[in-house]
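Consider the two complexes below, in which subunit A is the common component and subunit B and subunit C are the respective partners.
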Partner chain A sequence: MAESTTFDRVCDIIRENGGAGDIELTLDTKLADAGLDSLSTVEAVIACEDEFGIEIETEQNPTTVGEFVELVDSLMEK
Partner chain B sequence: MSFRIIGTGSALPERIVTNDELSTFLDTSDEWIRTRTGIRERRVISTESLDDLAVAASQRALEAAGIEASDLDLIVCSTTTSDHIMPGQGCAVAAQIGATCPAFDLSAACAGFVFALDVADGWFARGRAKRVLIIAAEEMSRLIDWEDRATCVLFGDGAAACVVEAAEDGLLAMDLATSPDMRALAVPGIGGNSPFKEGERPASVLAMEGQRVFKFGVTTICSAVKRLCMEAGIEVADIDHFVFHQANERILSAAVSRLGLDDAKVGRTLETCGNISSACIPLTLDNLARSGALASGDLVAIVGFGAGLDTGSCLLRWA
Partner chain C sequence: MEHRVVVTGMGAVTPVGNSAPETWEAFVAGKNGIDTITRFDTSDLKVTVAGEVKDLDCAERLGCNTRHMDLFVQYALVAADEAAAQAGLDVEGAFDRDRVGVYVGSGIGGMRSYTENVDTMRARGARRVSPFMIPMMIANMAAGEIAIRQKLYGPTLPVVTACATSAHTIGEAFRAIKHGYADAILAGGAEGALVPEAVAGFTNAKALTKNPDPQTACRPFDAGRDGFVMGEGAGIVVLEELEHARARGAQILAEVVGYGNTCDGYHITSPDPESRGITRAIAEAIEGTGLDAAEGLYINAHGTSTKLNDASETRGFKLALGEEAARKAHISSTKSMTGHMLGATGAVEAIACIDAIREGAIPPTIHYAEPDPDCDLDYTPNQAVHAQVRWALSTNLGFGGHNAALAFKAYED
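Up next is the complex of A and B:
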């Protein structure tokens, strides 16, 4: 249940940062295919840090929606 | 002790290089550069020297302050791209404007101007100086790999200066910080040709981890502004002007939206000048001052950030 909530919130953030105009986001969707370039990815990461109250190292930058959700969940557990 | 900025000046190279011109020898385009950086064109040194620009900016600052070179007690030049390894760029300025006070350079990359302000404040506090000339002069075009489209489109050349005078008030808060990181943004030193030196001698060319620097920029601006406000006991909304290091429009706009700032209060020189390292902040201040935007008593928040990773921030009440 927690994962689906994180998924929805992460997808909202990806959309707010310029990605995924029309395409349906799934856990397998690559961030690049969702329209996020390298800077938009950082913008989405910063937005997630604010949204979830976590800190994400740049080296951990995700490449897919699933990695993004997993990363957020793993940092939330700490 | 405290200080006020009593005069500003700047000088840019004549040569304008547009994004379209860059796209004649790089696989890039005006649209690509603009949407990712906010930069339309930059000034690049061709016939003039960095000394010329530093001297011109200094003379304009002295003129605006209404003082002579002989009135100066100290010259501090922020640069990482001097015309001279030695003597310092500050000494070159002193020679040409006819100053005889101590002069030296300071290396704190893009945050250098704020670090220099803090040095000046220390000299004022110790009673060693009443008036200090601070210069930031950068020729980024000599450190760039002009074949690397990811970095060379970002930078420009130029110089800006200000005259700072000891005062009872004016400085509300000052913070310097270093979050040590030798890889995020770096230029190796001179290799030389010593026959005894072993190992590699990397070229003195700028390399940057774009995502890391981008994130550092956004989070640093936000945390620095909040800290300045806390130290001064004011609200972010009380600040009249924000002068941030000009690295990328998307860093500026992300910080604006994260802090909830009025965008009109944020000074910008990025679109026409690119990133001129430590010269960005005094250049923006000079543009604001000369356009009449800075009224006496206005609160100005300044945040510089860059290689180091160094951060310098301060909150000033304009003279």
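Up next is the complex of A and C:
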């Protein structure tokens, strides 16, 4: 349950930062396909830090939605 | 081998119109684009008027997300779309994209993007500074974004010479095409720096008028002038090698015939009191053109409405053209209508010169009431006049002592 909530919230942030419109996001969707280039990914990561109250290392570069959700969940558990 | 260079497209975003034709129509009508500032609260500022761009939704006009573009870049893209469409450069296969360049600069760049991130960093720390801050604020990004949008892979040169920026981009593009480095270049400038910090900085530099009345604040060459009014916008022209334009059947709007680029080397904000820099720039622009200064000349002056600029420029016209020819010339400052668009101003004023040649009309200097003995030429006060314009000069001077002069003439085979 916690996972799906993270997924929804991460997807909202990706949509806000990607400008990708209405494409359907799944765990396998590549961030690049969702319209996030490297700078937009950093912007989305920063937005996630605010949203989830976590700190993400600047070297962490998730490439798919699933990796992004995993990264957030692992940091939330700490 | 030297090539002839012509203008085949024009685009503009100004406080009096959101396209080049709209702007020209407003110029001839003497429409005032200066009004009380609406963009932000001015209660802490001594200056309350500006020339704001009005009723323009850049995202809608561009059909894309503009969240990661500073305002100056958005204005530049809108003007570039218009200029490229008029020139037919948006037609696939019409030209070799490796041979078409972008020379578009900005006087200040993305000041709003910078100040917003300064606020964020002070309030919330370094980690919250946008990864887009640098690409949004750097003054070369209008050129970069235009090249991306228009898929142009030739030379780019985003000049930064303050208020002379977009006269210099046009002049440098003219030289590049003349000497064979490109077939065509989108040249011009953009500015979107109407933010409280810029107003405060210019105010304290004693550059802006504190007059709160939009109807008298900006009055170039008038005895009561006491500072410029900030504006914003963009101006882009398509310069093209003559044979290239003819081969693809492009409409030729005018010919670029001369360019001068000099520096006062005197003071960071004040013009040389002997007007040597602007005089040499004008002389350089005219040299070798064979044009008669006493016949059919329109000068779109820099005419900022500061005490020093307008008198210095007047002296420069007399020194460069000769007293008699300077008296015969039709002169005006369209800044009386737009305010000072800084890095965009040279290109918008170049467009005014080209339209004056094409339409046989001289846009007025509005808000002109009281003659100044130091400014004693024909500034086309308050009303447009009809006259045959054989050729036109546009002059611009920027902080740093940068001077630019551009010469255009009617295109003839």
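List of remarks:
Here, the second predicted complex is superposed on the first by the 77 of 78 C-alpha atoms of A that agree within 3 Å, B and C clash if a C-alpha of one lies under 4 Å from a C-alpha of the other, contacts with A are read in each partner's own complex, and residues count from 1 in each chain.
Definition applied: contacts are C-beta pairs under 8 Å (C-beta built on N, C-alpha and C of every residue); 3 or more make two chains touch, one makes a residue touch a chain.
Since the model is a prediction, treat every value here as computed from it, not as a measurement.
In the superposition on chain A, contact is made by A:Asn61 with subunit B only, not with subunit C. Applying the stated contact rule after C-alpha superposition, one finds that A:Val42 touches each of subunit B and subunit C.
Taken together, the two structures place residues 39, 42-43, 46 of subunit A in contact with subunit B in one case and with subunit C in the other. Against subunit B, in their complex, subunit A makes its touches with residues 37-39, 41-43, 45-46, 50, 58, 61.
Residue ranges on subunit C touching subunit A, taken from their complex, read 65, 67-68, 127-128, 130-132, 135. Subunit B meets subunit A in the complex at residues 36, 209-212, 214-215, 218-219, 248, 250, 254, 258. Put simply, subunit A touches subunit C in their complex at residues 19, 39-40, 42-43, 46, 49, 55.
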